[in-house]
Amino acid sequence: MMNNNQAAYDRAITVFSPDGRLYQVEYAREAVKRGTTAVGIKCQEGVVLIVDKRINSRLLEANSIEKIFRIDEHIGVASSGLVGDARALVDRARIEAQINRVTYDEPIDVETLSKKLGDHMQTYTQFGGARPYGTALLITGISDGQFRLFETDPSGTLLEYKATGIGTGRPAVMKLFEEEYTFECTISEAIALGLKALHEATEGKFDVNTVEIGVITQKEGEFRKMSREEVASYIEQQQ
Amino acid sequence: MMNNNQAAYDRAITVFSPDGRLYQVEYAREAVKRGTTAVGIKCQEGVVLIVDKRINSRLLEANSIEKIFRIDEHIGVASSGLVGDARALVDRARIEAQINRVTYDEPIDVETLSKKLGDHMQTYTQFGGARPYGTALLITGISDGQFRLFETDPSGTLLEYKATGIGTGRPAVMKLFEEEYTFECTISEAIALGLKALHEATEGKFDVNTVEIGVITQKEGEFRKMSREEVASYIEQQQ
Amino acid sequence: MMNNNQAAYDRAITVFSPDGRLYQVEYAREAVKRGTTAVGIKCQEGVVLIVDKRINSRLLEANSIEKIFRIDEHIGVASSGLVGDARALVDRARIEAQINRVTYDEPIDVETLSKKLGDHMQTYTQFGGARPYGTALLITGISDGQFRLFETDPSGTLLEYKATGIGTGRPAVMKLFEEEYTFECTISEAIALGLKALHEATEGKFDVNTVEIGVITQKEGEFRKMSREEVASYIEQQQ
Amino acid sequence: MMNNNQAAYDRAITVFSPDGRLYQVEYAREAVKRGTTAVGIKCQEGVVLIVDKRINSRLLEANSIEKIFRIDEHIGVASSGLVGDARALVDRARIEAQINRVTYDEPIDVETLSKKLGDHMQTYTQFGGARPYGTALLITGISDGQFRLFETDPSGTLLEYKATGIGTGRPAVMKLFEEEYTFECTISEAIALGLKALHEATEGKFDVNTVEIGVITQKEGEFRKMSREEVASYIEQQQ
Amino acid sequence: MMNNNQAAYDRAITVFSPDGRLYQVEYAREAVKRGTTAVGIKCQEGVVLIVDKRINSRLLEANSIEKIFRIDEHIGVASSGLVGDARALVDRARIEAQINRVTYDEPIDVETLSKKLGDHMQTYTQFGGARPYGTALLITGISDGQFRLFETDPSGTLLEYKATGIGTGRPAVMKLFEEEYTFECTISEAIALGLKALHEATEGKFDVNTVEIGVITQKEGEFRKMSREEVASYIEQQQ
Amino acid sequence: MMNNNQAAYDRAITVFSPDGRLYQVEYAREAVKRGTTAVGIKCQEGVVLIVDKRINSRLLEANSIEKIFRIDEHIGVASSGLVGDARALVDRARIEAQINRVTYDEPIDVETLSKKLGDHMQTYTQFGGARPYGTALLITGISDGQFRLFETDPSGTLLEYKATGIGTGRPAVMKLFEEEYTFECTISEAIALGLKALHEATEGKFDVNTVEIGVITQKEGEFRKMSREEVASYIEQQQ
Amino acid sequence: MMNNNQAAYDRAITVFSPDGRLYQVEYAREAVKRGTTAVGIKCQEGVVLIVDKRINSRLLEANSIEKIFRIDEHIGVASSGLVGDARALVDRARIEAQINRVTYDEPIDVETLSKKLGDHMQTYTQFGGARPYGTALLITGISDGQFRLFETDPSGTLLEYKATGIGTGRPAVMKLFEEEYTFECTISEAIALGLKALHEATEGKFDVNTVEIGVITQKEGEFRKMSREEVASYIEQQQ
């Protein structure tokens, strides 16, 4: 699957391959592909992030495993890939948001924050002495009354989506969204679509303990993580 | 057991393998798997940490070998893996706890401390010039009236458990806990379960000299290491 | 295709090959050749930049993908190659432009800015510890009443063109321009030529969602990105 | 004796082997195993350190070769392994002891000093750019009326012993101690046991010129190196 | 053409080959040999620099390609080799000239400036972490009423010539100069000789668009680049 | 003579071999073994250093070649091995001696100075980025009325001798000293023994031009290098 | 000519070979052996330095090529080997001489300056990140009424000669000097001997354009380079 030429150029981020690729960045993307599935869906009423926490032991404190993080009142993030790396990026995002509030006395723009994170990740693909982040993020929030939904990847590339997925289940999720997604729906319908996507991505192996949902709506105006009860009721409706 | 492809990517923490793995971090986990067994159990009344010190010479001062450390009044830690690395992490934990007291005049939150340690360990998986820590920790304590029990690993990943084990005996311990653990028990019953797990993990090779127990209970409110007499009485009851 | 001698000298930017080449810089150019196509055309009335954004999913927010950037009132840039690298260079360009305004109270000269970017990129081809930028830029603008159109490449080389193209479609674009380009035309005719070039470069796979156009004209005096409506009308005329 | 897999992971302290070992630290231990034999024995009356200086030329000034060092009034150290490394650690120990006296106006705790040395040695097993210390130390002294006897090794691990040995003769020494050691003896009996151990370890090749003895007793309260006359009388009794 | 011994010593500037050569410096010279041809000729009336800009597309803005640079009123430079490297050296030369004016309130001596550039280039042949400059310069100017013409190469060696050439065409140019050059001629005759040399070096492939000429004469006292009209008239005379 | 295993561990001082050796330090000792022979002899009346300067051309200024150096009034040094390294160590020794005089207003203790040099040399065996010193020193002098004679080697090990030799001739010198040396002799007899040793070590190839002698005696109280006349008279007596 | 063992140890100055050699330093000496020939001769009346500039093109400004440099009024230097390296060392020598004048208000001692240069060159043989200097120097001058003539080499070794030569012609030069040199001669006779040596070393290929001569005599008291006329008259006498 890997030829000899590839092997010669894939041990350092400071080395291009003869066809202009950065293999270490591509390998970091593999770490994301092995990660838990997370989806983000934008609709008329707001944006929803849903993740599968992939919990497989009753000894774990399910609600202590976080894959969705509130960054600021108006911004939330879902992650997939290396857990420690994600936490480091989330910490950075929170600090950037606080700096903005302290400096300008106003919430940070969602796109500005996303670019700052992307720029930071790009740095780790150009300079030696470290490795790229093995993590992708879905960044959502509201700025100037507009809902935004960005996806970063280990190269520092930033894409804005209407609906997207990261992690192991991405192919299944994207296939479903291409077919069924529509912007004109309620937040409840968006959650239903997201759970359906997660259901396919995990072959149905999820329940109220392993699903985490975060939402931001026009009505509420703030990003919040849903309570166990809310999640349970959505899963019930789903089945 | 190891193929050639693996060999090409496993000499530095700054290099991903083509399938997105960080072999050096996985190898550091092997150092933990070779370590002494430690278990942590949370119950209604509090949390208990029990370790096997694996002492095999009468010339050793048994009580000088520490695998359980009091970090602050309300926090204790058990370690497995490289001994020197564990001591370095324990030192760091104690300093973080003291800084918190000096800065905010209040005890550090158990989760905050755990994250700080995890973030520190993550750094050693992303930047060159050093190796990851070859140590796992069980961190327990009480914050806001809640008992917490975290487990770190060399990647900086942080998981919260109801009951867990690290080191050589982890598979045996986890198997027993999955079957027999219940939150609804007294601290004495938790200790009994922990000793039973240790018994299986060590094939019965332990006695009062080689077992160390640390507890924190609602009643006492502080983390403390048990006296030799207490440990002896629990081991007796066990048999 | 690659012989053994090449392989020995192509892993570091600090190493010349026996025939005096810097392979890593040449490989970085390959990253540009894999990038989306961008064209720049200068005419009597002004300069136009046109890019193909290569969008292939309806889930993407097309207008959030930027390949054309306004740097200052009088300067715009189009990029091809690694997306994260391009953003880093655009950030740098904007800061240089702002510094000039703050320091001298006047807009930065287009050539001065282009040289600053080229010098910066050259640095990454001479010093170890990082890799060259995998990005080419078209930089256009007006200084002293003159329209300028520069092209940078990963080596830091700077060339000024009347009409040029970067990215995958460059060979097709240049062939067309050599045959059909003339300075004596209106800005509308220049856009038509650019779209024709893009049509050939992408084998016709583009529409209003995937094309981005930026212009600066004598009449308007400022660089601006065209609205979706404007782009649509030009594409219509094209067909 | 060494397989290929080992060879791939044993050239740097910043690299774990696939089974979680740090070969460079293990190799540093070999330097200790090639060192001169040193023993330490704790008894009711105090602690004794005895070393074989392995002198084999009449041209050497025997009493200038030091393997036992007084660190502070109440602390002494015996070393085995690389001589230059040992001197560097002894210098460090003396400075730490002085700092403690200057800062707190009291003698440094034996365990505190031992941990400081162990922490320092651990650092050299985690960070690149240097090698681990090729030296083991026996650290003894009195704190709060208690006699302590610690052993460090190149990994920074710290163990407290009742009786122990380091260097070439360790296996012979430990075998003897396991069989014959008892805490309930006089300091003279402890010295006799230590000389017996050294006799076995060196196959009898030692005399008053090559043996160095350091003691700290309840009666004297200070660590001191024995005079040539004292050593001679103990060796005589021995034979 | 290259034997195995060479290959072993040619990857770093900090490594001598067994026969005392620095291959990386020699390879950098190859980059110069692949560069465009530039000639410099000194005569009674002054000095002339002539370069072939090797332009092969009508889309390029010919007059934007600079191979001759005015450094200060009395100093000019022609370059061959890596374009980005040349620009970096020209920037440095201009700054050195300005520093001299600011510090001593007089123009920098041509030889002093040449040595400063040569010293700077030498540094890149002795210290690791960077590569030598892949550029040669012809530096000309007037100091104390004397015309000077220096040539630098990647090793930092500095030679003063009456007439010389760098780049691809050097062998043809030097052959012609050895045969036909004379100091006793007018500046026009010097230009004619230079164009003849360029004609041979490029096999006649040059015209007014691709030739750049710089001169400094006793009469004018300043270095200046010739206008397109002047260049055209000299080329006409040539043919 | 060298097996494959050795070759794998002998290129860096920061790498132990599997049997706990530092090959680079051992190789540095080989540089000493190739050096000129120097001997040091202590007797009742003082200490003498004698070196063979190995001069083989009448064009050399024999008395400009120094292998014996006066460090301070009361301390002298003889060197063998890499000449440049020796000079660097001698410079360091002189500075240490001066610092001591300036700081404490008294001459530096011979042992203190020797340890400082040994510590400095040890550093070069533990940290990367440099190589060990390829030099051995004989350090002699008087402190507190006692004559001392120390020998350093590239590992930083420090040994005190009654009589010793370094360099090519060491085996021959040591053999002679083991047989014939006695402390109870005059300084003249010590010089005679030293010259005899040098005679054997050099197979008689030395004369007044190539021998250098330094002495410190109780009577004189200072270290001094002998005049050509003195040396000549001792050599004459010798033959 | 080179065996495999050598190849393994000759790529870095920080690595000794198993027989204690520093191959990179030896290779740097090869660069000197490929350099132009320079000779230095001391006689009753003073010292003379003579070099062959090896000029082989009439286009070169012969008198701009310097191989003999005046460092201070009383000190001159001749170089052989890498030209850029020599210039760097000459710059350093001039600065050291100036510092001495500024600090102590007197000319620097010839031996002091030579040692400073040798120490500087030694540094480049012990620390990584750079290569040794590929240059040898003859340093001459007068201090305290004495003429001195030192020779440095890439290892930093410093030797004082009555007469010596460096560069390609050294073997021929030294052979002649061993046979014919005498201190008791006039400066003119010394120059005649030097030219005879150069004649043999270059097989007679030199004339007034390619020979450079520097002298310092008791009568003049200063080092100066001879004028073209003086050199011509000596060469004439020679033939």
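By letter and in written order, the chains are A, B, C, D, E, F and G; residue numbering begins at 1 in each of them.
Everything below uses one rule, namely that contacts are C-beta pairs under 8 Å (C-beta built on N, C-alpha and C of every residue); 3 or more make two chains touch, one makes a residue touch a chain.
To keep track of the chains, here are their UniProt names: A, B, C, D, E, F, G = Proteasome subunit alpha.
The structure presented is a predicted model; accordingly, all values stated were derived computationally and were not measured.
Engineer: What are the chains that chain B and chain F both touch?
Structural biologist: Common neighbours, chain B/chain F: D.
Engineer: For chain E versus chain G, what separation do you get between their C-alpha means, in angstrom?
Structural biologist: That gives a centre separation of 30 Å.
Engineer: I need the residues of chain E touching at least two other chains; which ones are they?
Structural biologist: Where chain E meets two or more other chains at a single residue, that happens at 12-13, 128-129.
Engineer: What is the sequence of chains around the ring when one begins at chain B and proceeds first to chain D?
Structural biologist: Starting from chain B with chain D next, the chains run B, D, F, G, E, C, A.
Engineer: Going by the contact rule at the top, pick out the chain E residues touching chain C in the complex.
Structural biologist: Touch list, chain E to chain C: 2, 7, 10-13, 23-24, 27-34, 57-61, 64-65, 82-85, 87-88, 91, 124, 128-134.
Engineer: If you look only at chain F, which of its residues touch chain D in the complex?
Structural biologist: 5, 8-9, 12-22, 115, 118-119, 121-123, 125-129, 149, 155-164, 174, 177-178, 181
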